[in-house]
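Next come two complexes built around subunit A: one with subunit B, the other with subunit C.
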Partner chain A sequence: MGESIVVDARGLSCPQPVIETKKAIASKPEALSVLVDNVAAKENVTRYANTMGYDVTITQEEDGYTLCLKRR
Partner chain B sequence: MVKLTSMVKTSGCAAKLAPAELHRVLDSLPKVENEHLLGGYADADDALVWKVGDNLVCIQTVDFFPPMVDDPYTFGQIAAANALSDVWAMGASPAVAMNLMCFPACLDIDVMRQIMLGGLSKVTEAGAVIAGGHTISDPTPKYGLCITGFCSPAQVWKNGGAVPGDVLVLTKPLGVGIINTAVKAGFASEEAAATAVKSMTTLNKYARDAARELAVHGATDVTGFGLLGHCYEMAQAGDVTLRIDSSALPVIEQALEYADLGMLPEGLYNNMDYLKGQVEFPGGLRQSLRDVMFDPQTSGGLLLAMDASDAERFTETFPDGRIIGSVVEKKDYPLVVF
Partner chain C sequence: MENNKEKIRLAVAGVLIGLCAFGLVCFGNPPNMGFCIACFVRDIAGSLGLHSAAVVQYLRPEILGLVLGSFIISVLSGEFRSRGGSSPFTRLVLGFFVMVGALAFLGCPFRMILRLAGGDLNALVALCGFTAGIGGGVILLNKGFSLGRSYRQPAAEGLTFPAVQIVLLVVLVAFPTLLVFSETGPGSKHAAIALSLAAGLIVGAMAQKTRLCMAGGIRDTFLIGDWTLITGTAALFVTVLIANIISGKFNLGFEGQPVAHTDHVFNFLGMALCGLGSVMLGGCPLRQLVLAGEGNTDSAVTVIGMLLGAAAAHNLGFAGVAGKGVPTAGRVAVIFGLVFCVLLGLLKIRKAKEA
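Up next, the complex of A and B:
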């Protein structure tokens, strides 16, 4: 197993979190985590990941959400 | 060349304050009453209506926002088309306009000139004149106009006149907010970007002119609160329910694809939040189509309620117009999508 990929998109407004996620999945990793701190980013990254063939599990954190992306 | 959109966080009508927050403040203010004031924000109309005399009313509105496109001239055109639209949505004709400009000290002053020239071109096309304005220094550029128009009291189109039996007509395709977001992200095709710009710079004057001789019962323009947000205002003001046919909606094709890629502006989520519990959706509705109905439109089309026969005449003379639904007696939900 390689190092786990974490995209920290907290503090970014749309569409930046999706752009950062796009960069991170360019190499088609099996799994990665995306940290976001607002609802729009959570929803948009989820839509993008689903369309790109990833399942998303969302965990609410104190300062936002952790999205776990797993390739289908 | 400066990229105007790189200087802003939110853009166009998506920069509007969340409707829920706005209404909390407006509802807490003392209500203004005056015998000349025939309509204002209490009715969620697009502009105020001031009775000048027995046969003349003055319509006044103001609108401004940060850029949603990089080209300053195009931004000026869109901002002006958007500001002017409220006057046509009230059934009136714009007469005079004043510029509102917020401009960064660090930007080339020619950028400001281009924005104003773009605005001027649309105000001139509208048959109105720009006769003043105000400019302040601001790190985030913003532009818009205050517009004054006139018509006779009988010609005023209000938000609240839709009656059961009416059909709903929409005069521009939906999806420009999503496309603008996709452009900002570098996801949009040139074709999609050009389609959105063409739509945003098209004056609602032509739609208004085509409906001028028809009996329009209720009217508004679809802007920051999205199709459903503005339908909701029309439903509330008329104490009716609006039924929207999701298969009949005009949508800029690529907007659905970009919605699936998460290119939804933040304002879209604010609109969803605002309308929570107010809309009945059918099962199995494509998620991106549902998204588009909440999409904040910059310089969107007119939403008109009229008899079915008038609507048919309208769509014959104005082919971009689409019949998207109907008005029925008030039901559990003010809005029903099918």
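Up next, the complex of A and C:
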């Protein structure tokens, strides 16, 4: 069990949040969280995570969203 | 599946946007130019007196509508957020060159699709260039290219760009004598203000909701094998294609196409520059307008870069000339732009593992 992976994609232009997520997923972690600050990034990362076999739980934060990705 | 729902939403938006674009041509816009962000921003530059090409001057209400449509929807949905600070000056210069590339070809990616749907095969050459440019952008992104993060800004900062659109609309309706209007050429061809504005509002609203992006569709297909965004572009193309065929406007070929030329090399390179720049900016010209409406001031600055690019293109003779081709100055500008983008791309590759 490694320490928890956090991808901070807040403020990055499209599609960098997805690319950062893609890089983090490459090592096939059990779980990771991705921080985003806009709805488009939230949707894009969720869609990508779903196609890569991860379930996504979304929590709304004060300045964006935290997406918790868990491998199915 | 959530994914399929999104595809259906994008397809529906693509059909409606296609109908708006086709409708605008029926009601007076130039052929294959229901929408063209590059051409319309160029016309606005002319109307504001930033260039003096007499045939391309009109304050296109479509552009104002696009921004305001996105603004209204994003406020209603709570998505409006004032943010900025991700390399604004670099974005301005990229916006400039995206415009130089698009005006060499004579159309933004949106009009490229409309031209293709009208049977203009020069747009197919341009699409190949555009795709190549996007491919280059994807390579840079994969290597870690980034213009850095944007941050929250005071609300007034994000509201200013939509407010400017309202001011321009008031000037157009109430004080048109302040503006310059073409009497001949593409700038003189336009639908009624109310129709153009309404179409802009509808398309802006739908593009905001669906994140439709002409560059994004191709980019996501390359990058992550995701066909969702490209569904919108495909639906737009098919809709306008069918409408053109039914109404007898479809005319397949390279020669004699409206507001177009057959300089294949620079149609290819112009749109390669446009595609590369768009990916580096995070979205095509249409998407930049929509983001600017959502409070993204980096995109607002990009649009100003596009406006300056359009002014320069006509003042300095970079723009493609319909029926002729791309002048030498334009060829130099396109190549210069490509070199600039590649160098910038290599410079701005983010250090790996910046936690």
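Simple rule for what comes next: the second predicted complex is superposed on the first by the 72 of 72 C-alpha atoms of A that agree within 3 Å, B and C clash if a C-alpha of one lies under 4 Å from a C-alpha of the other, contacts with A are read in each partner's own complex, and residues count from 1 in each chain.
Just so we're on the same page, contacts are C-beta pairs under 8 Å (C-beta built on N, C-alpha and C of every residue); 3 or more make two chains touch, one makes a residue touch a chain.
This is a predicted model, so every value here is computed, not measured.
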Side-by-side fit of subunit B and subunit C on subunit A, or clash: clash
First, second, both or neither for A:45, with subunit B first and subunit C second: first
First (subunit B), second (subunit C), both or neither touched by A:31: neither
Per-residue touch tally on subunit A - higher for subunit B or for subunit C: C
Which superposed partner A:63 touches (first subunit B, second subunit C, both, neither): second
Touching partner for A:10 - first (subunit B), second (subunit C), both, neither: second
Contacts of A:19 with subunit B and subunit C, given as first, second, both or neither: both
Footprint overlap on subunit A, where subunit B in one structure and subunit C in the other make contact: 13-16, 18-19, 38-40, 43-44, 46-48, 50-51
Contact footprint of subunit A on subunit B as seen in their complex: 9-10, 181-182, 184-187, 259-266, 268-269, 287
Subunit B contact footprint on subunit A (complex, rising order): 13-16, 18-19, 38-40, 43-48, 50-51
Touching residues on subunit C, where the partner in the complex is subunit A: 2-3, 6, 77, 79, 81, 83, 86, 141-142, 146-152, 211, 213, 216, 219-220, 223-224, 226, 228, 281-283, 298, 355
Interfacial residue positions of subunit A with respect to subunit C in the complex: 8, 10-16, 18-19, 22, 37-40, 43-44, 46-48, 50-51, 63
